[in-house]
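What follows is a structure written as structure tokens; I'll ask about it next.
Order of writing sets the chain letters: A, B, C and D. Residues in each chain are counted from 1.
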Amino acid sequence: MDKTISTVAEAVADIPDGAQVMIGGFGGSGAPIELIHALINRFRATGSPKNITVINNNAGNGYIGIAAMIKAGMVKKMICSFPRSSNAEAFNEKFLAGEIELELVPQGTLAERIRAAGAGIPAFYTPTSFGTELAEGKPTEEFDGKMYVRERWLKADFALIKGQQGDTVGNMTYRMAGRNFNPLMAMAAAKTIAQVSELGEPGSIDPQQVITPGIFVDAIVEVAQPQQEEVLVRTGVVY
Amino acid sequence: MDKTISTVAEAVADIPDGAQVMIGGFGGSGAPIELIHALINRFRATGSPKNITVINNNAGNGYIGIAAMIKAGMVKKMICSFPRSSNAEAFNEKFLAGEIELELVPQGTLAERIRAAGAGIPAFYTPTSFGTELAEGKPTEEFDGKMYVRERWLKADFALIKGQQGDTVGNMTYRMAGRNFNPLMAMAAAKTIAQVSELGEPGSIDPQQVITPGIFVDAIVEVAQPQQEEVLVRTGVVY
Amino acid sequence: MSDFNIMEDKLSNAQIAWRAAQDIEDGSYVNLGIGFPEMIAKFQPEGRDVTYHTENGVLGFGKAPAEGEEDWDLINAGKKAITLNPGASFFHHADSFSMVRGGHLDLAVLGAYQVAQNGDLANWRVGSKGVPAVGGAMDLVHGAKRVAVVTDHVTKDGGPKLVKTCTFPLTGVGCVTRIYTSLAVIDIEGGKFILREKLPGLTMEALQAVTGATLHTDGDVLDLIVPEDL
Amino acid sequence: MSDFNIMEDKLSNAQIAWRAAQDIEDGSYVNLGIGFPEMIAKFQPEGRDVTYHTENGVLGFGKAPAEGEEDWDLINAGKKAITLNPGASFFHHADSFSMVRGGHLDLAVLGAYQVAQNGDLANWRVGSKGVPAVGGAMDLVHGAKRVAVVTDHVTKDGGPKLVKTCTFPLTGVGCVTRIYTSLAVIDIEGGKFILREKLPGLTMEALQAVTGATLHTDGDVLDLIVPEDL
């Protein structure tokens, strides 16, 4: 069950127009820049995939990664928690011009909705957002004297994630705070595509130290020296 | 913030009569035998704690661990998934005599209810048990054309868990399949008491390899050569 | 035809397990229920790469260890000692049942007391006596892409286990998609039993006589052929 | 008294942060919101062992690294580079917000646009213009045993930030338990502002005049005293 793909271009080759795509990372940590850029390359070469819905905590920074996807005009909608960043012009311009949709989700609810999708839990109750405009139209209920909002799972067609170690059957670890949404998105997408810095044989990761078991990963590609989003943003790189 | 307790007796000293106690382990793997036996010792010496509600996947095997708690008459109620085991006379006798209560919960629902308690999710929907007698009286709802049962979180006053490595601030790892319910119970109890085979200083566990972060653990005690429930059962040990 | 004796000429459990094993696809993730279904792993066809999940938190386990070499922290859901294959992983129970409920398994195979023609399964208790125990059965019937059953076709008394409506307490509603019995292979589609294979010596009439609901056909009914020496 | 000028003699943000830091208990787990609240860590009193949580998945982080030594995979929720203390751990976002929602944090400190006397907090947007962004604020106001706010007592225009009812969009309902302002320390109990401390030069009347709801007392009102050189 070798899930290895040799290039990032091949790894993202079957993402179609209109796909709902989860992209791991929080700010620059754990962002699969090479997979994102491969997707942008495909769009520039073929016009596809377009009308993508992207799920991420943020809405891109600078002129690389998700921000470059938005700038390129591939993104129809963002589902995220914090699109307003220090360097988020790409999203801001499109949003204020009415050219991109936004579903704003509290960060913990976003994480839990993604986890619920992976865990087969169609809905759950959370105290988060009760009584706020982000809960408008959602069912509410009292448990043990406290009010809660019902939230639905959030699934995706694809997840693009970034890990540290990986093996050919899809087991993965993550580097420090680069873990963030990556293991959750791996569970919640119909097809999960992972880039890892080190790709080894099965058994190369201690079974006790696997963070994402291979069952959640469909394709894995080695990117030995991955770019770091934050570094690219700080050095003003434009993709 | 040193959470070290020097003996298992001290570790379980403040569990009162009537407490709801989660006990980690699945069969013999990951069962905190020494903590359980310390609790039995206290009961034998003082008559307390009694009327305990125990939450575990099983209801004890042989004449040690949870089975010995039941035999000793400390346990009022079991909340578990699979009380019927090859060697579960202690529970069976009390149950058939009407001397112990049973709340039977499907295994995955048990895990998810415990996880929900730890995660601040008061209720969630699961397909598990829909249309069965274990769903009787529970709210049901249709999502995307499929029926689901609403389940509530399951909290406890105390959790007794077993790990492999630990550090003085409560970070933990687990040995192989001994992980099972332990990390979930650590999240769901008001006070979590852990026994570990190796107790080190903060920093002795790679932060990327911590399975249970210390925030979930209140007291940690080293039991360097822990007994293995399955071995005790197979060798006919009676506690 | 009349020389076929349903109680004597039926398949053994090993033969049923062998047949079920032939349908396990290369590259699939599979959970085999405790007991009889576990036997299927022994007959996994050569050249197929299958990853076995056990709900107590192990993916990618292998054969039982030699006696005396057991490590009792390394067990399956039936509390039997196992070994690990390369690429195995450990995880806690909530993650394990996320794999189950979340639709990540390709196949779950369970035993049965009764299966109804609408896919209802009863496999966890037969009445209200004794100590009830449910374990992971009610979870396993949901989420796997295919939920199959291995079972004798009839009870020890010769009564049907494939029925119109289950009379024993249900494990799950409308969940079973294929049944491997000691006499036949039957799919459940649209609330009906669809006969796919039957033992060559057995007539349709004889099979229907020991089945509690109508057997339908949809295309050819193939011969159910398994190795004799199992 | 009349020589107290609310806009000139009020506490600086550093002084407010210092005061809030004095209440952080030994052995506690604390989440400090992005921006102003983060400053509190700098004033953590000697001898108190505090573990800081950041919602992107780190527990037990320490000071910012020296410039040029940043590792951008090691950041906090404000996307600033951090370092680790011994005993730190990493975890994914769902586990991180389990710590928040599940009541495992002892204290969360946030900034505010407005706080109402019933504990309602508005701190995520001031109107419907621009790009909205919520982050973890709506989660952080639930679950922590204490939810405190650090804020200037009044807006830049001198208007009250402590109000009867929030007019800005809410972050959470009835969630705030203590407010550290540039003029006072105020608890919220039973739907009322309870004044605990105020700057010594400030009269009750002057403080009430810049507060949008009635200030109640419950026992002595202490002098709010902080280091002058912050």
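The working rule: a contact is a pair of C-beta atoms (placed from the backbone, for glycine too) under 8 Å apart; a residue touches a chain by one contact, two chains touch by 3 or more.
Keep in mind the model is a prediction, meaning the values are calculated, not measured.
Chains making contact with chain C as well as with chain D: A, B.
Farthest chain from chain C, judged by C-alpha centroids: D.
For this pair, chain B with chain D, the centres built from the Cα atoms lie 37 Å apart. Separation between the centroids of chain A and chain D, computed from CA atoms only, is 30 Å.
Multi-chain contact residues of chain B, defined as those touching 2 or more other chains: 112, 115, 119-121, 126-127, 174-176, 207-208.
Among the residues of chain C, those touching two or more other chains are numbered 90-91, 94, 97, 100-101, 142-143. Chain-to-chain contact here is organised irregularly, matching neither a line nor a ring nor a star, and falling short of all pairs touching.
The complete set of chain-chain contacts reads A-B, A-C, A-D, B-C, B-D.
Within the complex formed with chain D, the chain A residues making contact are 26-30, 57, 81-85, 88, 91-92, 95-96, 102, 104-112, 114-115, 126-134, 147, 174-184, 211, 228-231. Contact residues of chain D toward chain A in the complex are 55-58, 71-75, 77, 79, 90-94, 96-97, 100-101, 120, 130-139, 142-143, 169-173.
Residue ranges of chain A in contact with chain C, taken from their complex: 1, 115, 117-121, 167-169, 171, 187, 201-203, 205, 207-208, 210, 213-216. Those residues of chain D that touch chain B in the complex are listed here as 26-27, 29, 49, 51, 53, 59-60, 84-91, 94-95, 97-105, 142-143. By the touch rule above, chain B contacts chain A in their complex via residues 112, 116, 119-127, 141, 143-144, 146, 148, 152, 173-176, 207-209.
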